[in-house]
Amino acid sequence: MYKSGRHFLQIPGPSNVPDRVLRAMDFPTMDHRGPDFADIGKKALEGMKSIFKTEQDVVIFPSSGTGAWEAALVNTLSAGDRVLMYETGHFATLWQALAKRLGLQPEFIPSDWRSGADPEKIEAYLRADKNHEIKAVCVVHNETSTGSVTQVKEVRDAIDSAGHPALLMVDSISGLASIDFQFDAWGVDVAVSGSQKGLMLPPGLSFNAISAKARAASAKATLPKSYWAWDEMKGPNEKGYFPYTPATNLLYGLNVAIDMLHEEGLDAVFARHARHGEATRQAVRTWGLDILCSDPRHYSNVLTTVVMPTGSSADAFRKTTLDNFDMSLGSGLSKVADRVFRIGHLGHFNDLMLMATLSGVEMGLKLASVPHNRGGAQAAMDYLTNSERPTEAIAAAQ
Amino acid sequence: MYKSGRHFLQIPGPSNVPDRVLRAMDFPTMDHRGPDFADIGKKALEGMKSIFKTEQDVVIFPSSGTGAWEAALVNTLSAGDRVLMYETGHFATLWQALAKRLGLQPEFIPSDWRSGADPEKIEAYLRADKNHEIKAVCVVHNETSTGSVTQVKEVRDAIDSAGHPALLMVDSISGLASIDFQFDAWGVDVAVSGSQKGLMLPPGLSFNAISAKARAASAKATLPKSYWAWDEMKGPNEKGYFPYTPATNLLYGLNVAIDMLHEEGLDAVFARHARHGEATRQAVRTWGLDILCSDPRHYSNVLTTVVMPTGSSADAFRKTTLDNFDMSLGSGLSKVADRVFRIGHLGHFNDLMLMATLSGVEMGLKLASVPHNRGGAQAAMDYLTNSERPTEAIAAAQ
Amino acid sequence: MYKSGRHFLQIPGPSNVPDRVLRAMDFPTMDHRGPDFADIGKKALEGMKSIFKTEQDVVIFPSSGTGAWEAALVNTLSAGDRVLMYETGHFATLWQALAKRLGLQPEFIPSDWRSGADPEKIEAYLRADKNHEIKAVCVVHNETSTGSVTQVKEVRDAIDSAGHPALLMVDSISGLASIDFQFDAWGVDVAVSGSQKGLMLPPGLSFNAISAKARAASAKATLPKSYWAWDEMKGPNEKGYFPYTPATNLLYGLNVAIDMLHEEGLDAVFARHARHGEATRQAVRTWGLDILCSDPRHYSNVLTTVVMPTGSSADAFRKTTLDNFDMSLGSGLSKVADRVFRIGHLGHFNDLMLMATLSGVEMGLKLASVPHNRGGAQAAMDYLTNSERPTEAIAAAQ
Amino acid sequence: MYKSGRHFLQIPGPSNVPDRVLRAMDFPTMDHRGPDFADIGKKALEGMKSIFKTEQDVVIFPSSGTGAWEAALVNTLSAGDRVLMYETGHFATLWQALAKRLGLQPEFIPSDWRSGADPEKIEAYLRADKNHEIKAVCVVHNETSTGSVTQVKEVRDAIDSAGHPALLMVDSISGLASIDFQFDAWGVDVAVSGSQKGLMLPPGLSFNAISAKARAASAKATLPKSYWAWDEMKGPNEKGYFPYTPATNLLYGLNVAIDMLHEEGLDAVFARHARHGEATRQAVRTWGLDILCSDPRHYSNVLTTVVMPTGSSADAFRKTTLDNFDMSLGSGLSKVADRVFRIGHLGHFNDLMLMATLSGVEMGLKLASVPHNRGGAQAAMDYLTNSERPTEAIAAAQ
């Protein structure tokens, strides 16, 4: 069926890519070993440090975020190493499965997928590991399958309280550049991210931020690695180059996206996401539907996962919104398949795009005969007109 | 101030340009006299005939729509000629002023800007012109300044009833390709249009459709003309070329836009605009505001002009929506300056873009402290979920 | 037939459009009456003044260059006015025909199409016009059909020597931004230009630069005009706006093109064209072919027109280069149809694009069995490696 | 320094990306799990089979070609496995180093970098491996560092003659889609390729083609793998999806590039490259310079590596061509650093782009004072005008 107007890509990533980024990617590919490329490479690497809020190292892979998961593990660990992981949701589970495939021994703290990782459980687990056999604690910052956020600083504190030397590895694939992430201040050792969420790019680039401690661990780690090897990046990266052909045109886009994030200001970006997260939750509550994340302290401002009333199919509802309103919503994954849907409100986004999205959800609920109360979109409008604009809020705070 | 997300261009034209059209325009310029160009020229000229619903001639100018106004007059008329025009609003007034500048004698039937042209008044006027001195009747199909539609077929019938030989000239700059226009079936002699409305292109191209009768008149018309001269177009156009350099890259886009209109189907395009027009009017009524067009038979499905409550400034309100929600609305022009604003719902548009637009208006009314009732956006949602989808409606009708 | 690689657009305009310009044009159309547009409008108008080298007025039309020809005449002249024009070639002839269509009385100094206008003939003509009935002298700066340049300053001096008050109007459609043009210093009254030559844009914009004297003349001129009327531009232009919808996306491109010209530096741009003009002429001489322009003082650095040996068809040759090498060359127009071809070496161009072009010509001559000597491309290489680079030359001169 | 005109990217990959491909990549990112994506995924996977000339499996990774090297090995081999590799040049050496890093035991047949792999040496080596401990033979089809081609079919025959069960793995990163490659007919077990060479895309996608035998081997291979694991691809790929987020926008481009290759016809593509390879070699010989590949049977039609005369620096020469003519040439790598330069003549390319390239080389040799004879570009023109056009040659052969 012919579809007029713009598609609304309201999955929790890939997010809507700004025209400035798309146009930048549309320039001719250049010689990645020529002198002009060095400026592009340096800008990308330095720029990503500013986004991760780190003065330590960042590496960029031509790969999806899954590759950066693998890179985090193979650079720092050896076959059979124990790692503590936390079942915040589907993506935490996939990372754990990946660790297993690589020959590690992940230990998985179970959860009901309705909150971020519990630092107390992690601390208790680590305290029990008297011999410090656990080499790494891996958590997902913003669990894209559930819309729950792990308080990374609290996890760091838990590790420190336990006096445990494990590395702290954090997947912030969908958190970075949408909600605050402070690699250095929070004491993260390895961060994992990808291009297609808060960075507002198409998929195809992934990132590791690397602490000095992780760098030291990598010198002893024996899992086989080549493509993902950090050590081969260092030399070329220092001059703005890469050890193998980088994804040149995505790097053009990355540099523009970094500029855009700083033009808006990271604090304004985070405040904008917070505002849209709360407006969305107000809408969901008005509809009388449940938010999957049960702990308000862990609400994600990147996406909101909505639980369907018993008897209603989330996938049938999503098909209704796609067919009628040309809007893609995120599906429930694995354990929550067909039981939840996810509203992405991240990246290059604004109030009216949110209102389009919430209106589409509300109309979809009606057309799909999902029991709900009217007025969710209206509630979001009320919130948006009563709450401060992000820039006002930031200006007021300064 | 930094603006995240997409701008909402909800003026009644230029309308939102589809990415397919923008990308087509982004290809390298080619030799407009080379053999490959002929296919592009022919496709554009034939394609525009299908949009005007004519088997007579169409010409394309590299110019804004104003140029095609001028072309319509200078090709068919001579200095001092009397022409009957109808004050449906600001653009009808501008066309009349242009006629005056060119040395014609426009006679202007006055109106309150709240409806399309009244065929009875036209008929009466023509009947009074016993000597058939009036050479042309000029009406605006969709008056972009007011949101009122003139029933062109009724004007044709009025001319015929009066037994008057005047040419019928119609400005369908903002009507064409959004609401039905039938050049041949309605007996129009000269139609005027532009690229930046229903044709979903940037501004820069304008069009005349030309009846055999208008062509014959042009042989005798003596107003000086060169750029706009139809006669020089004919020879080159037949082979797909133009007498002077055409706006090549806009033609690339035009051919894609014509394809898109036919992929959707013109009837579906018109039904979509009708649906969005009615949804918008439901919202306006719910807000308790007046629609400038006072005659429901003349409601425009291209735009809706909303009258501000006494004491509220339309321009202050528009500034509020622009500053807070990055949405451009149309201003009140001339007689209705600052007293009305215009919501464009034309071109490359869909239900969620409309809901974003109406939500933005409703939130803007609140932030600008314009007296209104809540619930307009909600009313539009109710309408959209209760009315048939355009494609269903068309399928059902077949 | 499928064509791999890039097309070589070596007609003397439209010229090759830089990717930066194409990408700029590919951004969404915006509200041409909104506050953000004013910056774009002002930048375009001010930028064009810097290109014309004037502090007087510039206007921008959404039209091809032909429109700006018409604008120059209708704004300054009245029906029956005598104007002195000079037959430098096909485009001068077309401008004269246009003047005639508009009801003026052009008087046309004949020429063999092999040089620019002769100032002495102009001076003599004007001296004979004792009553100063001639209202304007119109010359073509760079005659695109022949590749001859008129020395505009010499024409100015001729008019002054004759003590004649006629306006000096100059078509620099294909000269501006490729060869030097100094509106103020040379005392031009009206200049005409277009977007698709040295300005490196697609066709669709045209320009007039306007002296105070021309402005004064326009107050008394009575030719009917509306679209082209300068007077209606003034008010809106001062604030960055236009009296009717401008060609927004072409203006985006124009502003980038102006930036690019200043980044390179106008002097460097002119030196580059001079270098490529001379390299081309060296090639043509080596092939043993004639350059249409017979006066080296009038050689154009924008294009080179090559005379075919008797018995060879220029059009058959051009078809050979197009079919075999995907290169468009300019045809001979009117009087010199099929007898000459034109090599464009203007706009966004460099040494290797020139070598591709000249190699294509040389191979085409061979494949089309046009009698010629080998070695033209080689001669151009010799010249390019022996002559200074433009930037060196300019640096040395400073 | 400001550079006018187009850059000439004449390294042997990334190659010049067609505008059609760049524009396709410039469309908004879509939901990679939505129903519309399936068509894109299927088209890409099926399309790549047609390019590899296989009816077996193809997988697509979001990665550079290096990733597909790693994927070939980790999917089929186990720690400590012996693999036979052949030192055709720098990239063969890098692949061997990668194998070593992964814990394999590569055995490396040495060579002087001046030809493709010698099948006789491979056969002899395999015959000596009585116990069939060698698990794979890995060769580079088109060695991008030297411009020598390995005759893959002869290697297959050598393995068969030796009666050896080793897998045949072929890196055709820079060969595929520029010179013939027949995965099924030649009995290749794993092929490796990348997007940025004959496929005319930016870097960021890599490929494996997989024989049934390789697929069977992968069931037993124990090297750890996850991102590169073929087994997880199979299920999603069958429906047009991927196990993790694919590089959506590069896939848009890939599908257009595949269309373009088939529109031209693979045979015509190969014939075009052969023509340009021979023209280039004629130029090099005329300059009196050596071609690094010493065996004409192994000449690459993708690139030509030129040996500098003793005493001349290849890098100084390359800097000269870059600074003076905005052309990037390939550097000598590792063993031949500064001693050779490489001319890429692959991908989206044509006769005039080649002439620009060869003219740039010839002028660069002169400006860099590299001893050489004039006339190389002229010799290439002579060849191009005497040899058949690819399409004629193919038509004649049919």
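Note that the chains are named A, B, C and D in the order they appear, and that numbering of residues resets to 1 at the start of each chain.
Convention: a residue touches a chain if its C-beta (ideal position, glycine included) is under 8 Å from a C-beta of that chain, and two chains touch if they have at least 3 such contacts.
This structure is a prediction, so every number in the text was calculated from the model and none was measured.
*Asks:* What chain lies farthest away from subunit A once each centre is taken as the mean of the Cα atoms?
*Replies:* That would be chain C.
*Asks:* For the interfaces C-D and A-C, which has the higher count of C-beta pairs in contact?
*Replies:* Most contacts of the two pairs: C-D.
*Asks:* Find the geometric centre of each of subunit A and subunit D from their Cα atoms only, then give the gap between the two centres in Å, rounded to an integer.
*Replies:* 35
*Asks:* Please tell me the distance, in whole Å, between the geometric centres of subunit C and subunit D computed from their C-alpha atoms.
*Replies:* Distance between chain centres, rounded to whole Å: 45 Å.
*Asks:* Centre to centre, by mean C-alpha position, how many angstrom separate subunit A and subunit C?
*Replies:* Distance between chain centres, rounded to whole Å: 54 Å.
*Asks:* Of all the residues in subunit C, which ones touch at least 2 other chains?
*Replies:* Each of 6, 16, 23, 26-28 in subunit C touches at least two other chains.
*Asks:* Inside the complex, what are the residues of subunit C that reach subunit D?
*Replies:* 1-6, 8, 16, 26, 263-265, 268-269, 272, 324-327, 348-353, 355-357, 359-360, 362-363, 366-367, 374-375, 377-378, 381, 384-385, 389, 391
*Asks:* Along subunit D, where are the residues that touch subunit B in the complex?
*Replies:* Touching subunit B from subunit D are residues 19, 23, 26-28.
*Asks:* Could you pull out which subunit C residues touch subunit B in their complex?
*Replies:* By the definition above, subunit C touches subunit B via 6-7, 9, 11, 14, 16-17, 22-23, 25-35, 61-67, 70, 74, 79, 98, 101-103, 194, 196, 202-204, 223-227, 229, 244-250, 322, 328, 331.
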